[in-house]
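Below, chain A partners chain B and then partners chain C, in two separate complexes.
For the complex of A and B:
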């Protein structure tokens, strides 16, 4: 369908205040936090499930592709309109619909910003656990699409562990309810397979999330190392000792320097690695557990340990970690974030290989990662205007994916496959595995209306 | 379909003569709701399963996967039972990565045998699942039916622990999803999709899961209450506090009696973790519960504690030993309704003149109803059918549903074992049709007759 006609029809369907179609407007939605760019034909900003449903039905009936989008913080090109069509931006559906403390649930629209929900719940003494680093900007709908993680997922699990159901708009505009506030509804775990499907199966217009009372005590410590190997070994040693803290985060020297230069928070710029370890739970026994962790750090020649004395100090430690991507972003015009994940015992070995890859391609790589989960985030720094450098970046990124796959790991822990890693899917999935996933796609979206060209590579036809 | 002997010889070629069972008694033992299979096949590995499935698929023969057979009285009546596929020979630990706290294990191993292996040594680990049939339940069966127990309150269920699944699809493809990393968003979360599908989308042959270190200390508090209202108030206080019990079980008098405890309503709280936290919770809960109306407080530790939780888990399996297919119901509901729903269900069963034991995972919104009378026949059976209808409506009122976990086949013809139909059935049906187009895996046994 021609663009003008599409816009006109959409204006009629949901009102022109909810439709954007000028070139300038479209340009604002042609990118996310990855390097990939592609324009939708037009943008709609619905305010209700009914409007989403109308738009999707219209698109489906006319063979137009649809992509759902939140704040555009996606790191793998998942929210880019590869084949044009309509981008449904859900940021106006940003209401917390129901706080149900008695049942420990909250019902939200997809456009609610993650941190807004957390701040809202904190006033009532409750927590929604997932805490992606982009929580200040990212939407819950986006978190659900990507199955986002975050530091506290080490203990509390990722987004899908906290999504119990919701409302879906299917490929033809039909609206269905899946899961619910109660656990164990009979049937397949549709929420389980939907979360992390990167907008390829449907649009969740309402989500039911689990909330929990906040922990009695929290202890946050920063452990500074002179060697990155010893930092990595410490992580493995803590887990192997049977301690699962709430978080076990790590930053390398390049990141530490960047964070310090950006925020000036007193980090030693010559340190090789910093671990941020947080414990939470009951206060009883926490002191002893802290000491056990500190003993392990000492065995691995920790240089300095800083234990946060109060909330302000804790916030300061976390501000550095959560702002790390931003700080590293100041070093060069562009960065590419890798998201490979390995069994946590393979962390030191993988890290060494990542460093070697940086050297081989002559590219600076900053490492910030969820060490306790074995989830690396090497940030490859470059300038996209330099064609040769860009080529080396892609080669290095691919090599890192391969290293992670070879280590018995996977190519994405929490940022998604999107477009960026779609060619890597064959590193970890057989054609039978992919065919099985393709069946799920077709069951949900038989005509391929939603987010084409993402997650699943085209299967090679076998005779 | 080929002749039976042709089929048998084809199967024998794949798994060996001794592993195709045809003895009439054994076949009868593996009947599902009275439907006797043509053969029981016991493959030794995925490759054999793959070949068996390819034959079954090509010939539209239905296959019922089976672990140790603890769930055979559950689910809808199958449309057809051609083959029972036993996973009992797939019972190997594939990869126990102690330092990574992960484990890959084949489906046929029992959870009990596995826990023994994991718990051995100075720093033992465990898989935090505690479903019914403590000794018999296999890993594959637990995952395929998403079976859980009291301690899900703190540890969650299979969906929270599993990292990966290996399965054989209905057409014989061996597929592998997830892996041994703690996080994985590479493609769809097929692991979660496979959990609780009753083998309807593929035969689960291996799982990979997170493990947890064994807790330093544990104790259980048994608080006895004279009325449900006081118990309910106290449960609310506990689950909205920062205290961290690992199980919050509300048990009625009839159930307590079977557990060897005397109490009108018993609240069992399991405490696990570091020594100091367990000790403090014992003191704090003992004191505060008395103030809130608990009439007695008992602390269980060591073997007595372990035995108590085994009895809780196995109340249903003990009934099964007695009656074959006892009536066991599972209601789910929003968590705040723990005592309200139990009170209503108690009243309704009493009015129906039926004796029932109730055990509620009060922090998770799951109520198990164990009918203590023999299901019987005639008017008695009719009464039970009516009762199930009423109890289903009660759970639906509280945003849940009711699943009949066990009942005699003659009853199944007249009830919906999966509760009231739900809005999302359409998606489930499409998934089943896409993934098992010939409809050979456990057809008819799952929700909505898929």
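For the complex of A and C:
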């Protein structure tokens, strides 16, 4: 359909103030936090499920592609309109609809910002556990789309462990309810299917989330090491000792330097690795557990341990960790982040290989990872204006994915497949595996209306 | 015709460090209300890139985006982990936009006046003009002051502050230091009480205060509105008067002024030189010198608090809360000093408000031109203030004072004061 006509129709359907279509506006929605760029034909900012449904129905009836978009912070090209069409931006559907303390549930619209929900719950003594480093900007809809993880997911599980159901707008504009407040619901677990579907199956317009009471006590420690192996070994040793801390995060030297420059937290710039270990739970026994961990750290030659004295110090440590990606942006203009995951015990070995790949392609690589989960985040640093460098980056990134797969791991721990990792799917899935996923896609979205070109490689060709 | 370069090379290179992570969204007061990408700092950095690479043409729409969805509060700059200096980009785009499309006439007249030395527009006439401009019948009928309630804009000073204060104020007791006092336009025209308090307190601390009579507007409102050429006149004039080796500090009572003097002057001069404007080495050096000397008055007082004479107690307690002006908290990372001063006053019961560091939504002319967005931001602020049940709001920026006092619940009779005004009262036992 002609763009002008599309805009006119949409204006009529949901009101002019919610439709954007000028060249400037379109340039504003051609990117997310990945390296991919591609323009939608127009953008809508609905404020209700009804509006979303109307737009999707209109698009489907006219063969127009549709993409859901939250804050556009994903790292795999998930919210890029590869084939034009309408970008449905959900940031204005940002109400917390219901707080059900007795049942420990909260019902939200998809545009609620993750951290805003947490701040709201904190007033009632509650917590929503998943904490992607981007939580102060990301939306819950986007978290659900990507099945996001974060430091605390080591103990509490990723987003899918906290989504119990919700409301979906299907490919033809029909609105359905999936799951519910109960832990198990009759019929298929469609929430399980939907979370992590990266906008390829439908749009969630309402989500029922699990919340938990705030832990009675929290202890945050920063353990500084002179070698990255010792840091890695400490992680394995802690888990082997039967302890599951709330977080086990690691930063390497390059990351430490960048974070220190951005946040001035007094980090030692010559340290090889920093582990951020947080414990939460009852105050009883917390000291004992802390000491066990400190002993393990000492056995692995920890150079220094800093324990946060209060919430302010804790916040500072986490601000540094959560700003790590951004801080790395100081070193070179661009980075490509991989989020391959390997079995925890393979972490040191994998890391050595990643470092070797960096050397081979002559590219600096900074490492920040959810060490407890074996989830790597090698950040390959470069300047996209240098074509040769860009080529090497892609080659190096592919090699890293392959290493993760060879180690018995997987190509994405939390950032999703999107476009950037679509060619890596075959490293993990057989063609039968992919075919069964395609069947799911077709069942939800028979005409390929939603987010074409993402996640499933074969579909990309036939779409 | 080829469009002029929007940015100098230095400024332009900085764009490429935006990795589009979007974390700036969490700190942008405008984004929180508008919730579209246009309002995000990330969006405007990306548009800046498109403009500078020639993929986007300057248009009225672009102009509007850079004016209507940005307060130039600097929150994105101070929170950008990658070190992208968005404000430099936005003000550059505003400059080119204004060169192409001109400025709103009302602003232009005001800025031309501010840009000239105040002397020339001599008190009464400017006072009358200002009232007519913002408060006159004709204006009220034809235009409005946006989110500002015209009736609640404070009266213009009877006499300009610069006419009330001697050029040199000798210290009481032992002379300990010598400072230059840069009082902003707001103190000069609207809040003479702040100026009197600053001079009085410093005097009592043993500080000689020189208040150059010929000082002019710091130039920031003009610069932020895109008229770099006009602001440069002010910058030159102020450098001549204030960039002096022989003084201990240049104290300011306005967050925006001090931020400008400290951070914008050196950058702007360098930028303009790289874009081919006529800027001398001496001017650059003078700007560096001034940047080193400039201090918010609360910082100066806090550094030398042992010079303060004893404060008298009179048994009365008043509940006070503090609002961080953007150009102090974001631009200069100053949060502790004004609070220290307040907490040290015996009669003050200090309460912290939620979101003390959040923008008040005023942004100078932003509240006049983009009233709806501004009003929403201010409402959050005012709700937070009232939640503390404080009787006095202290803040270090007359701009914030104007905006906030305009929106406070009138039935609560709250007062908005500069911390130094409270200090002055305590020193004199009131």
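Brief remarks follow.
Everything below uses one rule, namely that the second predicted complex is superposed on the first by the 458 of 463 C-alpha atoms of A that agree within 3 Å, B and C clash if a C-alpha of one lies under 4 Å from a C-alpha of the other, contacts with A are read in each partner's own complex, and residues count from 1 in each chain.
Everything that follows uses one rule, which is that a residue touches a chain if its C-beta (ideal position, glycine included) is under 8 Å from a C-beta of that chain, and two chains touch if they have at least 3 such contacts.
Since the structure is predicted, the reported quantities are computational estimates derived from the model, not experimental observations.
In the superposed pair of complexes, A:94 makes contact with chain C only, with no contact to chain B. Shared-chain residue A:395: touches no atom of chain B or chain C. Greater residue coverage of chain A by touch, when chain B is weighed against chain C, goes to B.
Once the two complexes are overlaid on the shared chain, A:33 sits against chain C while remaining clear of chain B. Of the two partner chains placed by the overlay, only chain B lies in contact with A:433; chain C stays clear of it. Look at A:307: by the touch rule set out above, it reaches neither chain B nor chain C. When the two complexes are overlaid on their common chain A, residue A:134 makes contact with chain C while staying clear of chain B. When the two complexes are overlaid on their common chain A, residue A:157 makes contact with chain B while staying clear of chain C.
Residue contacts after overlaying the shared chain place A:272 against neither chain B nor chain C.
Interface residues of chain C facing chain A in the complex, by the touch rule stated above, are 16-26, 35-38, 43, 46-47, 50, 55-56, 59, 61-62, 65, 80-84.
Note for the complex: chain A touches chain C at residues 20, 22-25, 27-29, 31-33, 45, 71-73, 89, 91-92, 94, 111, 113, 115, 134, 136-138, 261-263, 323-330, 333-335, 383, 385. Of all residues in chain A, only 100-105, 146-147, 149, 153-154, 157-158, 160-161, 170, 176-190, 192-193, 195-197, 213-216, 236, 239-244, 281-282, 284-285, 288-289, 341-345, 370, 372-375, 408-417, 421, 424-425, 428-430, 432-437, 439-444, 455-456 touch chain B in the complex they form. Only residues 97-102, 123, 125, 146, 148, 156, 159-160, 169, 173-177, 179-190, 192-193, 195-197, 201-202, 212-214, 236, 239-244, 273-277, 279-281, 330, 332-336, 364-366, 398-401, 403, 418-419, 422-428, 430-431, 433-435, 446-448 of chain B touch chain A when the two sit together in their complex.
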